[in-house]
Every structure is written in C-alpha cells, then in structure tokens.
Amino acid sequence: MPSRVWLAFLMLALVLLPVGLKGYTVYILSLAGANVLAAVGLNLLMGYAGQVSIGQAAFLAIGGYASALLMTQLGLGFWLAFPLAGLLTSLTGFILFIPALRLTAIYLAIATLGFGAAVQQLIPLPYWSALLGGHQGIKVPRPQIGGFVFDTDLELYYLTLAIVLALVAISWNVARSYIGRAFIALRDKPAAAEALGISPTRYKAYAFLISAFLTGTAGALQAHVVGHISPAEFGLGKSIEIFAMVILGGIGSLPGSILGAAFLTFLPHWLAGAKQFYTFAYGAALVLVIIFMPYGVWGFFVRLYYRFPMLQKLFVKGA
Amino acid sequence: MIEQYIVLGLAQGSLYALMALGMVLIFKTTDVVNFGQADMTMFSAYVGFALMVGFQWPFWAALPVVIVFGFLLGIAVERLALRPAKDAPLVSLLIVTLGVALMLNAIASWIWGFDPKSLPYAISGPPLVLGNIILSRHDLVIFTTTVVLSLGFFALLKFTKIGTAMRAAAQNRLGAQLLGIPVYRINMLSWGLGVALGAVAGMLIAPLVFLDLNVMIFVMIKGFAAAVLGGFTSLPGAIVGGLLVGLFESLLIAVPLELANQLKETLVFVLIIVLLAVRPQGLLGEPVHRRF
Amino acid sequence: MLSVKDLSMRFGGLKALDGVSFSVNAGEIVGLIGPNGAGKTTVFNLISRLYEPSGGQISFRGEDLLQLRSHQVVERGISRTFQLLGLFPYMTVLENLMVGEHRDFQRNPLAVALGLPGARREERDRRAQAHWLLRLLNMDALAQAPVFALPYGTQKLIELARALLARPRLLLLDEPVAGMNAAEKATMSEFIKRINRDWGITVCIVEHDMGVVMGLCERLIVLNYGRVIAEGRPDEIQQNPEVIEAYLGEEVGIAEA
C-alpha cells in the first residue's frame, strides 16, 4: 500500500526532524505538538460536528493544572496523571455540552466564550491559591516514566511525538468511523440524520467529550514541556489562536489542523526578528492566507493535487 | 442608593449597546461577526485623541471627524480584506477580521506607542444631582448619544430607500441581487456604518478609561455578548441586550459580597447562558424553525 | 401495520392536519396524494417524530410511536426519504450509504477510537454491504464520488438506497420521482416495485406524479386541507367527484393519468 509507505516516510522524517536543530527550536517543536492536539480536538468539534467553540483555552488550562496537581498533590506517576488529566477535562466538556443541546452557531459561540472567561477568572481566586498558585501559577514537574526523567528538549520532543502520534491516530479512527460520519450528518442535515437513527444528544456529547479530552491532553503536554503553568496563558487570545489554526489548516480536515497548528506555532518565532512589525505581519498573514487559500492550507494542497495529474501519479488512488 | 447603580449601569450599558449595534448591523447584512470591532474602535478613539490632545480640538469638533474616519475605515476593511476573501467559508471571515484587527493594533502602536492615554470628557463640569442620583455630565452625553443614534438608525432603516435596500439584503441576499439592489455597495455601507458606530462608542468610552491598545477588547466582548443576548440579528435586541448587561454588571457591584465582584465577568456570562437556555434565539431574535 | 388515528397538527394558528386517520397494511404499496399544502409531508414528519402532533395517535406494529424520539423510529423498522433530498452533500456516495447502516454499527466508541479488530471488521462488513447494494443498482462506479456533484435523479436513487440499508419494514418515500425524466421515473418505479415484491418491504409514497402513483399503488389515500377526503383503489379514486373537485385548478390534473 503506497499510502503506508508515505506514512512510514513521514514518521521517519518526524523522528529525524530535530537532528541538527537548536535546543530552542526543538522546544518549539514540542509546543507545536501540543497545539496539534488542541487543533485536532477543536476540528472534530467544529469542523466535523459543527459546534463552534471559542473557549477551548479553558480545556487547555484544566488539563494542564490537572496533570500537574495529580503528580504533585497525589503523587501519581506521569503515565497515570497525563491520561487522567485528559479524562477529567473531558468530563468538564459536559459543562459546554448542556448549553449545546439548545444553542446553535453564534449563540453557542457566546456560551463557549463565557466558559473560557469564567475558567480564566476562577483559577487565580484567592480561595485555592495554595493549590493553583494564583496569578503566578505553579511549577509543573518533568514527565517521568519508570526511572527515566524527560528533561532535555530532545527527550521532551520524542515523548511529545509519541503522545501526539498516538492521539492523532485515535482521532483519525474516530473521524473515519460511523461516529465521524454521524457528526457530519448531524451538522449538514439534522433531520435526515435523526431519521436514520443518529441521536443528536449522544453524538453531541461524544463530540464535546473527545474534543475536551484532546484539548486537555494538549494542555497537560504544554504544561509539562514548559515546566510552568499560569492562568494568563489561557485567555481569549489562546482560544482564538486554536480557532485560527483550524481555519488556516482547513476546516473539517485533520491533516490541515496539523499543518495549521505547526504553522501558527512557528509563525511568531519566524517573525520574532521583525520586532515591531511582528503583530502587523501576523495579522497580514492571517488575512492573506484566507484570501489566497479560502479553504485553508490543506484545501489548497487538495486543489493543487487535482489540478496537476503528475502529483496524482505520485500518490496513487486514495492516498 | 440602588437608583444610583441603575443609572450607572444604564450608562455603561449604553456603551455596550452602541458596540453591539455596530456588530449586529454588520452581521445582519453580511453574515460576518466582526471580531475586529474592538481594534477599529480603539483606532478611531486614538484618532480622537490625536485631534483633541494633539491639536487641541474640542470634543464636538473632533467627533464628526472621528465618525467619518470610522466610516471610511469600515469601507476600506470591507473593500480590501473581506471582499477579496469572499470565497472562503463564513467562519474563516472571522479570522480575516481578526487579522485586520492585529494590523490596526500594530499601526496604532507605531503611531501612538504603548503608553495609556487619557482623553477629556465630552462636557466637563460638576455632576448633576437629581434627587439622590448623581449623574456626571459625560454620562448624560452617553445617554443622549445612544438614544439619538439608535432612533436615527431605526429611522434610516425604516424610512429611507437605502435602509429598505439594507433590510432586503439582510433578509435574502440572492433575492435582493435579483431585484437589482447593489449588494456589494450595501455591504460596504453596513461596514462603514457599523465601524462608525464603534467609533462613537470609542470616543465616549475613552475618557472613562485609560486608552491603550487593548482596552476596547473587554467592551467588545460585552457588546458581543449583549448582541447575542438580544438575538444578534435584531437591532432593538442589541440595545436591550446592552442595557441589560450593563445593568446586571452594575447591580453586581452593589451586592456587598466580595465574590460577586471577583466573578463579575463570569456571572454576566452565566446570566447570558441561562437566559439563552430559556430562549435559544435571544431576547428579540426570531425563533429558528427546523427546515427539511 | 401502521395505524394513524385522529392525527392533528397546528403550526401557530394554521391547522395543517385535522383529524387524519388511515392505516397501512403489511406488504402493500400505498399512495398518499393530494393537492399542494394538503398535509402529506406533515404526516411523514409526524411519523418520523420530527414534529410533535397537537393530537391523535400513531402506532406501528402495536407500539405507540409517540413514545419514541425521532432517532428511535428507524430501529422499529421505519425509514424514509425526504422531499428536498436528505443526502449529506459533502460525503461520498459510499459514506452516505454507510450512514444508512447506522443502526447496525454496534461497536463501542472506545473500540472504534483504538482501532480494535472488531471495530475494523464491522466497518469493513458495512462497507461491503453498501457496495453490494450499489452493484445491484449498477452504481458501484460512483462509490467514491461526492454526492453534490451527481445528477438529481441519481441522488434520489441513492437516498432510496440509503433508506433501504436501514433495513426498514415500512419505507416512507416523499416524492421519489420529483424532477426526474421519463426514463429515470421508469427505473425508480421498477425499483420500488421490486423492493416491495422481492424484499417484502411495505411502501408508503407521497407523490404528485399521477402516472407513477397509478402504476405503483394498490391503494390511495387522498388528503385535502388536512383531512382525508377519499380512500380506495386507484380506479375508484379517479372517478371520485370530491377528489376531482379538490384537484381542480391544480396543474397536475388527476384525470390526465
């Protein structure tokens, strides 16, 4: 199967990617990995299930704090704390699922925005500052599996790579299954979907659960890579950044979300040299990408692929 | 005592209402949620600052210039950023407005720097005392402006030819096009008017806060929330929503409980979510019918 | 098999249905006809529980349908097509058909997410089943085509195929031949007959095309202004003065058939 060969090449490239790169660049690569999970999580919710959310940063925060506290307060190992953080976040996904049963489109967007604002406002309250560290936040322990501590940028990169690959594979399985089809069916023709036996309640719940789970693990991963977590990182700006990753990559396409996340993670660092032009260039990049690639980067590639038969030969049918 | 909070809440709410009105106007005719409303408002307020502080113009001379500026800015944004991106899905256009916002933010920082600026009030002088209510003259200007502008808008939409065209375009774009209504020009006009409304709001908000690059974002979020609360496609809904949010916020301050104050934003959103759960189409929005 | 008693439906002040009663017997092809706005599609939407009736009863094989939610109706053996296509435009033909098999996907989401062998096998089996039906319809070449790119008549046929994959006992078809040319109409009529005869599926059709209705249906129920005005064999209905009256002024005259 040629598509498997391409996949193997891609894996190899990802394994070899950090060779010869500066430690800081490898660190940014790990952060890009965390963003990939967040973008894929939002794409399943928004691109597939049609539920717009601009409060995803809240799930990042919950996942990050949960993983850190499970390790420091309960003494759990990373291999247990990390997935548990994802599951805990996924339960909080129910908070959004309940309004989503009644609300659509712009009305749901405001509810998710409120959720994001609420979580960011609740974290630094003095009542639990002993635990959450108030505005300063808390230190997050390095991941440790067995006796091995993931301490260097390179070690963290490989840990991130393994986790991201596993979770993207899971997302891919869901997206290509009857669950993914049910999401799209409910998004495009809710009446027809219901008449075929798809329960809107159940599948909206699935969408929020899996999206919150992925975003929670993204938050946990980011916290462990950075080594610190504070509420300031999880404002509306972060939610919108994740939103932009999904849109730029191509809404409804998982490979697109991966590209979008990588692109927007690195963009600030590429532009860092431009100092005072940075914000301007970032904004201009957003506008230009949408103007010239209306269906995102992935949609652009797909169009190229169909335009040039040469490319199609390279990948064979169904690649 | 409570009357005082009500009046302050209504004043604050009027500003949210103006912000909401601009966003609803743009959304109603073009289906685009303008996430750049805050930065466009901010930029217009800076222009006001330049005129009033730099050139020592009085408020009433600066205001019309700022309104015209906002109008032209809106037209430019529609013409240069949104129209070229018209092939993209609607959610993507939200990112375009955000990109424009970042660019404006950068330009403002080049011209005016990062230090907060303070703007003079529209009218200075001792506050008015009505019974046991104390009302600043600036608040009075806010009330008057909001009332005049909203009435003016309804009149524009209801009684003028251009207003009828705008309402037609909002209801059925294709139909309007077939009737020979120039939809592009209507879009440009909506953007112009929507951003101009924001510019007025900016001129009125700026003296109440220290004007900096990001201060308007909070007002915009409240305005957005207010617009959704009102129904998001309803102009009267935007006003009612804005006043309600302002009122609720102000009454929260009146509650002698520290937690209520710490969680002001959260509680505002909780209220909105609860109200929307009861009425998913917003207070004055039209109910969404299931279509097959 | 299906029994509708005294069914009423109001939209605001408008009475769409007013005390409609009829029944569908196992094995037959029944036509639900009437002028535009008579309430035919409303009856279908009530049976599929998309609307809540203002009054009356609907029972299917002895079970009260009004106790069910919309998505549970198909599990009892009723599937349907929609007047204005209910296909999912951005899916391929094959994906659309596989949504039709939704009730047969039993593997739990965790097994699906982890890509366990059982879940993969289920996906494979369902896909094979969908391909089988496509071959039967001579449409297997279209399996990977996105639905929105196909001609209208083909889409109608695919929607019917999708409804069949839900394994119905009773199939509700809302204007199955609307917008089709003569050849497509013939194919569709033939296929509906075959479903009924060979697979034993009971069919209830809402249709304006009298030629197709007269050729297919063993029995007709005529609605007008939300009431049943006549019921009987096609030849009886054609002679019924009240029915002719109701159709006067309609562009499709019943006498033409």
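Every chain is named by a letter (A, B and C) in the order it is written, and numbering of its residues begins at 1.
Operating definition for what follows: a contact is a pair of C-beta atoms (placed from the backbone, for glycine too) under 8 Å apart; a residue touches a chain by one contact, two chains touch by 3 or more.
Everything numeric in this text was worked out from a predicted model, so none of it was measured.
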| item | value |
| --- | --- |
| Most central chain, Cα average position | A |
| Chain pair whose interface holds the most contacting C-beta pairs | A-B |
| Relative to subunit C, chain with the most remote C-alpha centre | B |
| Distance between the centres, which are taken as Cα means, of subunit C and subunit A, whole angstrom | 41 |
| Subunit A-subunit B separation of Cα centroids, rounded to whole Å | 32 |
| Between subunit B and subunit C, centroid-to-centroid distance (C-alpha), Å | 49 |
| Residues of subunit C whose C-beta touches two or more other chains | 50, 82, 86 |
| Interface hub residues of subunit A, defined as touching at least two other chains | 191 |
| Shared interface positions of subunit B, touching two or more other chains | 290, 292 |
| Contact footprint of subunit B on subunit A as seen in their complex | 46, 52, 99, 102-104, 106-107, 109-111, 113-115, 117-118, 121-122, 125, 190-191, 236, 240, 243-244, 247-248, 251, 276-280, 282-287, 290-291, 294-296 |
| Residue ranges of subunit B touching subunit A (in the complex, touch as defined) | 27, 33, 35, 81, 84-85, 87-89, 91-96, 98-107, 109-110, 217, 221, 224-225, 228-229, 232, 262-263, 265-266, 268-270, 272-273, 276-277, 280-282, 288, 290, 292 |
| Footprint of subunit A on subunit C - complex, ascending | 48, 50, 69-75, 79-80, 82, 86-91, 95, 98-100, 102-103, 105, 109, 112-115, 119, 123, 126, 162, 166 |
| Subunit C partner contacts - residues on subunit A that touch it in the complex | 169-170, 173-174, 177-179, 181-182, 184-185, 188-189, 191-200, 206, 210, 252 |
